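Common to both upcoming complexes is chain A, partnered first by chain B, then by chain C.
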Partner chain A sequence: MIRAARYSAALLSACLAGGCAGDDTSYYNRALEKNGEVVSQNRESGAESTPFPYDLADLSPAHRPDPKSDEAGIWYHMEKVERRIKTAGERYRNREVNAYLASVACRVTGSYCKDVRIYVIRAAGMNASMAPNGMMSIRTGLLLRARNEAQLAAVIGHEAGHYLRQHSLQRLRDVIDKTNSLVFFNFILAAAGIPVAGDLAVLAALGDIQAYGRNHEREADGYGLLLMSRAGYDPEEAWKIWDLTLREMKATKDYEDRSQFLASHPEPEERMAVLRKLAKSVKTDKTTDIGRERLREIVAPIRAELIRDELNARRFDAFEVLLDQLIADGDNLAELYYFKGEMRRLRAKDDDLEKALAFYAKAAQAPGTPPPGLKRSAGLVQYKLGRIDAAKESFAAYLKDNPQAPDAGIVRHLLKRPAK
Partner chain B sequence: MDGRGRIPGPAGAILAVAALLVLGACQTTAHHTRAKLPPEPEKRRIVLLPPDVELSILHAGGGNEINAEWTRLARQNLSANLAERFGRINARLVERKASAADFGEDAKEVQLLKLHEAVGASILIHQNQGSMLLPTKEGKFDWSLGPEARYLKRKYGADYALFVFMRDSYASSGRVAAMIFAAALGVGIRGGVQLGFSSLVDIETGEVVWFNHLARASGDLRTPEGAAETIDVLLASFPK
Partner chain C sequence: MTRSLKRIAAILCLLLPLAGCVSFTLAKGGESIDLGEGVTVRPPSDWNRLSLGKYEYWTLDGLRLQNILFVKGAEDGEAIVYRRRTTEDEEKDTFPKYRKGMTLLEIRELLESTWARQEFHRVRVTRFGPASLGGSSGFEIAFAYDTKDGLEMRGLAAGAVVGGKLYLAIYSGTRIHFFERGEKDFRAIIESYRLAPGQSARARLPAPGASVGRPATIAARR
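Now for the complex of A and B:
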């Protein structure tokens, strides 16, 4: 109550005067400062980082919450969520992928290895998330986007940072205090007959809650850098993961309209620039591991299905950016040109269908193994374009190579249809 | 990459509708397809599936903070009370050994729990909330989990499964102060609420044979007496 009242007064004076606590880039430094690894000239901002309100000590390994605490409440809830995720249909059950990610996570989290449990979720897009009880989920889309194991380690380290710093608990306390004070603040205003200011205060508090979260992201980025380099990975890879993601984001049409005021994360440009600068503080002759080949070996056999997931998300422009990056990497080009064609077959705008056929032809000639559906896709496009004979030829070739395909029946049916 | 969990599944929708039910001071209306269980004791075996319970503190600004200790007490009180109550009506509560590992690994059981969550939420929303009634369910009560529910029959050797969902919140002292301030200004803001629903499923056929919900601004699951009172209300129309 007293804290809430004091906070109301602070909101009144600070926020209406034009600024809440807000974004603070010094949080990037915290992980490194605490661990004595920051070199002053590489600091993101001159001053020592400001401690968070509700600051908490790092968790110790094998941590369990006090059963009577608010922390126990969020653990209880997340344990229920974790039980659901264990049996969720979206869970990606490929043994090699799960074992591989668990081993990278163990290497990054060190003595916290047993506290962090990895769940691989089959979904497009680059994302991972961390629950306060140690449940980390990683989307398969990350496997396509990380250029190497060191980049994966940076993401896992970032998520582990949320866990170690108990960000969920800090945030819960922050939200409760801010919404509490808002209520009393509004009473004061209502009693004084100033209704509009109340709405402004709601907005200010909301912005402030989000800024608090963004500062957590900054702190977690610092942890990512620290943990990955302690595990021997090259910290220069941490900022590089943003390069591709930023290009993908810029290819989507709502990129220009995004609002930073309510954003959950800091701008990628900022994260990239700071991580790049801080990497120099932690880089030594022992932090050289990049692990490009290890990740490639894991991804190669499942890459086609992961690309298909991205395509099904139908963010065509961003998809093209991702594909072009994979083509620049140069693995199994036949597969990638096939998907260039698939994207155009599904988008089917302007001369997309003609272009799709051109890419299918290119895929058939390119190095690597084209996916088994190549001829079927070509046939479908030819059918749409009214080139029935060519389509029948493609379908027949598909059936010849894949007589046992699950869709063989429907393709045979298409073969029987007379030309229009 | 965020560090926050979300409420999964239909829980969010349940809470939203339940809030409407409380505001509308809706009377509880039970639904059932059978008013009585078979008289033979060997056909009156009920397994209580893990109750989905969360007790929380409602803060002044509306923030909800789950309290693990209260939740543990509530689960304990609910289970103890149900066992005693079924003993009285000559129905036997089949003991379910609830180890965390067993719960996590028995995917089929978890899927049935998730299915019931969705079906139960649908009944709550579409059979009770005036604006959400479904034309296809008018004058009917024919919800089912399908024949796969038989899996629970094989696993527990029971005839029925009882599902319980409970959310119970208690106003913090700050919330109470806010309510007083608001009342002084002529505005009403709500305090803690108790809402829940329960269904009894025939695990031979999957049919939901009885369903009831409660949504009110009273009740306390933290004490054995309070839990007994809540279950009295929730199970008032339970098949005899």
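Now for the complex of A and C:
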């Protein structure tokens, strides 16, 4: 009992030390509120248009930190990271994709366009990140998941929000403050003879630091919404991207075990609900651009390789959710059914192989262009199921269509002696 | 927090052998070298050898410049690891694994997806054809990739399934200079590859005095 009281005391004191900011959903509104103030000021002064987020940001365009500041330290570090990223193996160098994302980013960030540099990283999964010096990295997995340019703009706007509000810098200062107080409190507690409580204090401080970060995410969401709508995109698209993410998350094994206390981002449900509500307040007759076709044109030629990246991650259940969404959107169904088959061929559980064959057959009939490996995959599954004649037929068809394929020699080899 | 601790542990596991806790030994040129698990090879010149049991690395100039990875019989359900897997991958069971009965097409796929998971970027397979390894019919695969730092690499691998186990010799090196420097040797090593599965591994531990320490260029007297 006394122990419990001591723990609570320690937890409380750690909270007091750190300020215990906690989760605060009002952060979502900050960008819009500031924007409202600017708009009404302009109205009073008779200015016609709203100046671009200048007054919503903590830094001006072409900002450079004071060389003596802590900020300069972070910039120096990030510049080193950026030099590495420039030549990194995972950088996706497709010229069209890079130019396209840079143009969307420019449209969203306006007068800050030159300050934000986009690096496309070839990786599965939906993620983007922003460094305090203006280096934004975007995973190619986002290109599969954003269903139109407006959704892409929402994510880029969110990241730009982190930059405009200097969240990395704020966060660094917060961590330093909280860990400093923590050292001090541990010292006091140890002197008072409460040794174990130090661990609880660390946990409390860590949770508090994370909550602080989650508030930044909320604020960045608000900025994303504002920036995208200022650029003329439909703000109703912002919440929709979370819908797919949430479904993918729910399909993964560890969704139920996640810790909200130590999470880096707010729950997608919350983000969806708030963004959906706020979208109505920024929507006007000028915010109608969705740009589905523009994104589709960029993604179509590279989509198969991006889907292959997702498949390589072998989170089969989440993969299925993503594919079903793409199928619902309806572009190049032949390619998508092929990958439905590929997933089952690789998972190979229960009647997966039979189902794989059914999807390959569907791919051959569906509108669009199936990838060149369709007949090879079908042959492989037939071979595994012991249907040697059918396998031979499929392999022969593959060779006929792809006589120069790097694996043609192996397929011919399999054709010669398919049975064991 | 536990995740980052696990990462640190995984990195330590990777670094410890490189830091000299497991030492390199000399594979003398012109001699028949018993790699254990029934595998013997005869390198034309001296190589530095780092044996980690079933997995074994050889290099002339340093592992990051060029290396041969010998996988001496991966079994059903085993992942083909270059480095130790992270615990995260193990927990989620998402790492690609070798399965008994895989065709050569699937083994290629296994290698490619394993490489993709181990930060081999932009992997391109340039040739994939039937070939024999240690007297068994298998395959040879030529490939190229970029490292995490953007260094361009070339690779050549040979493999065969014998007694349901997958035997591999995977050679890779920087596209400029170091791949070519060891390529002839690698081909000779593959030519000399003998496999007698079931034989006990006699020389798994390095002979006393054979240690050459770190993978420097000492052994590369060519």
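Quick note on the criterion: the second predicted complex is superposed on the first by the 380 of 420 C-alpha atoms of A that agree within 3 Å, B and C clash if a C-alpha of one lies under 4 Å from a C-alpha of the other, contacts with A are read in each partner's own complex, and residues count from 1 in each chain.
Quick note on the criterion: a contact is a pair of C-beta atoms (placed from the backbone, for glycine too) under 8 Å apart; a residue touches a chain by one contact, two chains touch by 3 or more.
Remember, predicted model here, so these are calculated numbers, not experimental data.
Q: Just chain B (first), just chain C (second), both, or neither: which does A:181 touch?
A: A:181 contacts chain B only, not chain C.
Q: Regarding the shared-chain residue A:162, is it in contact with chain B (first), chain C (second), both, or neither?
A: Touch status of A:162: first partner only.
Q: Quick one: is A:84 in contact with chain B, with chain C, with both, or with neither? Answer first, second, both or neither.
A: In the superposition, A:84 contacts both chain B and chain C.
Q: After the superposition on A, what does A:407 contact: first (chain B), second (chain C), both or neither?
A: Once the two structures are laid over each other on A, A:407 reaches chain C alone.
Q: Is A:254 touching anything from chain B or chain C once the two structures are fitted on A? First, second, both or neither.
A: second
Q: With both structures superposed, pick whichever of chain B and chain C touches the larger number of chain A residues.
A: Counting contacted residues of chain A, the larger count belongs to B.
Q: Which of the two partners, first being chain B and second being chain C, lies in contact with A:383: first, second, both, or neither?
A: A:383: touches chain C, not chain B.
Q: Looking at A:129 after the superposition, I want to know if it touches chain B, chain C, both of them or none. Which is it: first, second, both, neither?
A: first
Q: Looking at the overlay, does A:153 come into contact with chain B only (first), chain C only (second), both, or neither?
A: Once the two structures are laid over each other on A, A:153 reaches no partner at all.
Q: Where on chain A do the contacts from chain B and from chain C line up?
A: 84, 87
Q: Using the touch rule from the top, collect the residues of chain A that touch chain B in their complex.
A: Where chain A meets chain B, its residues are 1, 4, 65, 67-70, 72-78, 80-81, 83-84, 86-87, 127-132, 155, 158-159, 162-163, 167-168, 171-172, 175-176, 178-184, 187, 190-191, 213, 216-217, 220, 264-265.
Q: Give every residue of chain C touching chain A within the complex, in rising order.
A: For chain C paired with chain A, touching residues are 1, 92, 94-96, 99, 101, 103-106, 108, 113, 116-117, 119, 121-122, 125-130, 139, 145-151.
Q: Which residues of chain A touch chain C once you look at their complex with the stated criterion?
A: Residues 84, 87-91, 122, 206, 253-254, 262, 309, 312-315, 348, 376, 380, 383-384, 406-407, 409-411, 413-414 of chain A touch chain C in their complex.
Q: Applying the document's contact rule, which stretches of chain B touch chain A when the two form their complex?
A: For this pair, the touching residues of chain B are 1-5, 8-9, 52, 54, 56, 59-63, 65-69, 71-72, 103-105, 107, 110-111, 114, 173-174, 177-178, 181-182, 185.
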